[in-house]
């Protein structure tokens, strides 16, 4: 069973983010990057499926040179080969549709049974790239997947619904699944794996190789302004003896804030 | 020429998802500024009750699309049906609530239509004839204003809690309910859903909890956690904690909020005996309403709280529990 | 019984800092040159030599923190065209000032004392510099393995045969988790310890082989540092201020630095000698007080603190350096105490030491002899190099401060003028032995030492807030990497004798005495706050804290520091 895993590299979770001078994005100087969390779980799930059922795990990532670090990590953990959409032409592809178009173009000639993505990235958090990719490649899809059971020609997956509800769905392969964070326990890259990864293929792909023009990668959404969440709150201090204060607070929560 | 706002109403087994009314508030407020008319659409099989409920609200018309292929939600069925609806009605905006179901089909739908979809919005601003959407990135650390350059319809989904469902305006008279005829005979449903089921999650996902009572080191000892548990129980809230509590193993690690724990934004975050170290605050500061109870009036938690009580938590917490029980009787 | 894999390398370097990266890079160049000339002369080239660097940080440079002003003397030898090869230099040192501070005022030094003269040097971020050196090493074919700390030395008899890396996936009770990954035995012909200050493997090795039998105990300082972004060009890149005096008391060695970096960043820090007397002293708090001095407060006005970090440094110098080689092993850089305490500079010495180590290793590889007899050439090489001469000249610098700052300034002054010559070698004791008990006049100090210090979250920050700005992260579910040998001492003796100074000297809020609920107190170790500065291992008066590396990848994530 061959599985493609779409990886995105994002600033580390505990990064202290600052707004760039043009107020349209974050200041990217002196940031550390890592594999987006849900994508790391998607990769882990793919590796586990490969260990059970054989086949190949192919990782694909779009981004500048620094992304290679995450690609290498994936190869060190056991992915077999990688495709890196590495071209300044891709820099403008900042909305989900543009990114998905590039990925679709790169994957249309690959042979695979499943594509995994994380359910959403830790930066933009669109939760769209996977599904747009599925639509473009005409694949069935399932999102927020908690468990994957391949069957003959089909895959049966457990989806998370809201408020503690779940549902199994069955879909023919090839299919695209978006993987929920925390569905497995991530492995560590081993020294041997890191050494072995040095010999694995990372194919650099340019926009022109995919027949993509600047127009194809143009985003339809642009960030007009990026800013730190505004604090508009004024703290209302509630005075009085404990019993009084408690009664006042509950009243406020019920009738002013209406949260209980 | 596109016109109007189409509001997607989500239902499951004939029960309306309340977050659709939150999205309705967003749609009504956009409409108030742009002058657009709102129509709502409900898909499924046997959805007339839901449709007539929605028709009581201030909307122009409620469309229903009934088909056997829509009886059970599937991404293929919903994508195909809504694609036809949107093509037929040609609205300027399609507004949805950012639920798990919407996340499962809306990106496919917008891709099939070649349209742009701004997901998980928390607000908007009307600029001339255009709507600029506000959404957060980097898990709430940064807010952005997003402009869409694509041809309408423009799709946008709103985050749960961004608007209050009870503020959805009622109409002067019931809106008309119209059945839209959509031919799905050539649509293949590829995914086969099984029965839904409930199960206790292995890991606690506090990010979905609407109400959270969080306890910090002001509680002093493990035995005292009991009073917090009672408060949480009375409220129907999840219990959470700041780091020292979990370090001491007074509560399990998966209850920890903050930079080394979970990030949450519930409707109510009640912080008891939590001083508000930055490591904790980054995990909860986007909560809708924050209440802080602390004996130290200088505690930084009060800087981000909506309501604050300075005092002895051992007196205030039991009093609160009592008041809540009274209120619920 | 855990099954461990073995990985064979020719040369293994522990710690990706300036010393080891310089060694790895220089060695690969020397091997290439050797093979080329051997081929031309019809001699025997070396077989392919595998060089590996292991590093505990998540990525190269993430645990590197220094002032820093770089004396380029050795970088010019390692990478002659370093400026054009993209070395991340902030700026050449420009305007230089030295002040002696009083609480509200300052006295300018009429001339810059020679050890603090920095003309021809560069303001750098060590973290950036090391990251760049790492890239150079990878280009040269060196294997670099971040997230792999060295846990134990491997021996055959008394010969070092390599290093066992740390296990991964152990829970807080010491049990294997499902993703458990045992450490690997990396065996090598030569193991080079360049772990930085107070290296945990160096400590094991020096103890076992008694390598410090002829040296004085090392003494340390801890540097507390913040980066500030200011709204204008008030302090241009390359500007340098050093201060002595306030806020440190006369019994405390130390001083501050303020360096101008690019992009309106000001690098500001305070070094505090870890041989102070008052157990109440808190280096982090001293630094916060320092920033309230009018000179500094004005400089930082309307600025924003963007990063925080702390790191100890060895300042004992010449007489504290251990025997640096033994069978199969070498110790270089800060691990061997090669920092010049008078100039507070150790990067240039580390780089040079790495190069000299590489030259020695090449000879060993050619001879096929990795014994102390062969590797011992390094000790001699180093001591005869310009680094050796520099360190020898300042051999009595810190020792002069052993008796307090005023006397020390005079003695160190004489020492500087005379090229280190003092009538006799000054005696020295370990830093923690200077700490006075609460019952002594010096130890009473002032429990209210920091009463006037308020944290306004603008200019001054409490420890926990500062730690947040170090981007420190550890896997939470793992055993504490700060091994307190006997927790009873904390309660039974330390509280009464010293007042639990671990709460004070740790700049990251790791150690906390907490109420147990039954009226007793106990030590709580918040290990995941640890910024890997090593101060606790150094300064604990009972020497019951043993710092060992946590699971690979844990620790601060320094950027631009």
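Note that the chains take the letters A, B and C in the order they are written out, and that residue 1 is the start of every chain.
The definition used in the following text is that contacts are C-beta pairs under 8 Å (C-beta built on N, C-alpha and C of every residue); 3 or more make two chains touch, one makes a residue touch a chain.
Keep in mind the model is a prediction, meaning the values are calculated, not measured.
J.: Please list the single chain whose C-alpha centre lies closest to the global protein C-alpha centre.
T.: That would be A.
J.: Is the number of contacting C-beta pairs greater for B-C or for A-B?
T.: A-B
J.: Using mean C-alpha positions as chain centres, tell me how far chain A is from chain C in Å, no decimals.
T.: 38
J.: Taking each chain's centre as the mean position of its Cα atoms, how many Å separate chain B from chain C?
T.: 49
J.: Using mean CA coordinates as chain centres, what's the chain A-chain B distance in Å?
T.: Distance between chain centres: 21 Å.
J.: If you look at chain B, which of its residues touch at least two other chains?
T.: Correct list: 259.
J.: List, in ascending order, every residue of chain A touching at least 2 other chains.
T.: In chain A, residues 14 touch at least two other chains, as defined above.
J.: Multi-chain contacts in chain C: which residues touch at least two other chains?
T.: 468, 473 - these are the residues of chain C that touch more than one other chain.
J.: Note which residues of chain B are touching chain A in the complex, please.
T.: By the definition above, chain B touches chain A via 74-76, 79, 99-101, 103-105, 107-108, 110-112, 116-120, 132, 136-150, 164, 166, 190-201, 203, 208, 211, 235, 259, 267-268, 285-286, 288-292, 302-312, 315-316, 319-320, 322-324, 327.
J.: Taking the touch rule as given, give the residues of chain C at its contact with chain B in the complex, in rising order.
T.: 457, 464-465, 467-468, 473, 476-477, 514-515, 517, 524, 526, 528
J.: Looking at the complex, which residues from chain C come into contact with chain A?
T.: Within the complex, chain C touches chain A at residues 5, 7, 58-59, 62, 143, 145, 147-148, 165, 168-169, 177-179, 181, 184, 186, 263, 306-307, 468-469, 471, 473, 552, 557, 559-560.
J.: Can you name the residues of chain B that touch chain C in the complex?
T.: Residue positions touching the partner: 220-223, 243-244, 247-248, 253, 259-260, 277-279, 282, 300.
J.: Would you pull the chain A residues touching chain B in the complex into a rising list?
T.: Residues in contact with chain B: 11, 14, 17, 19, 26, 95-97, 100, 122-128, 130-132, 134-136, 140-144, 159-172, 182, 220-231, 233, 235-238, 242-243, 245-247, 249-250, 252-254, 257-260.
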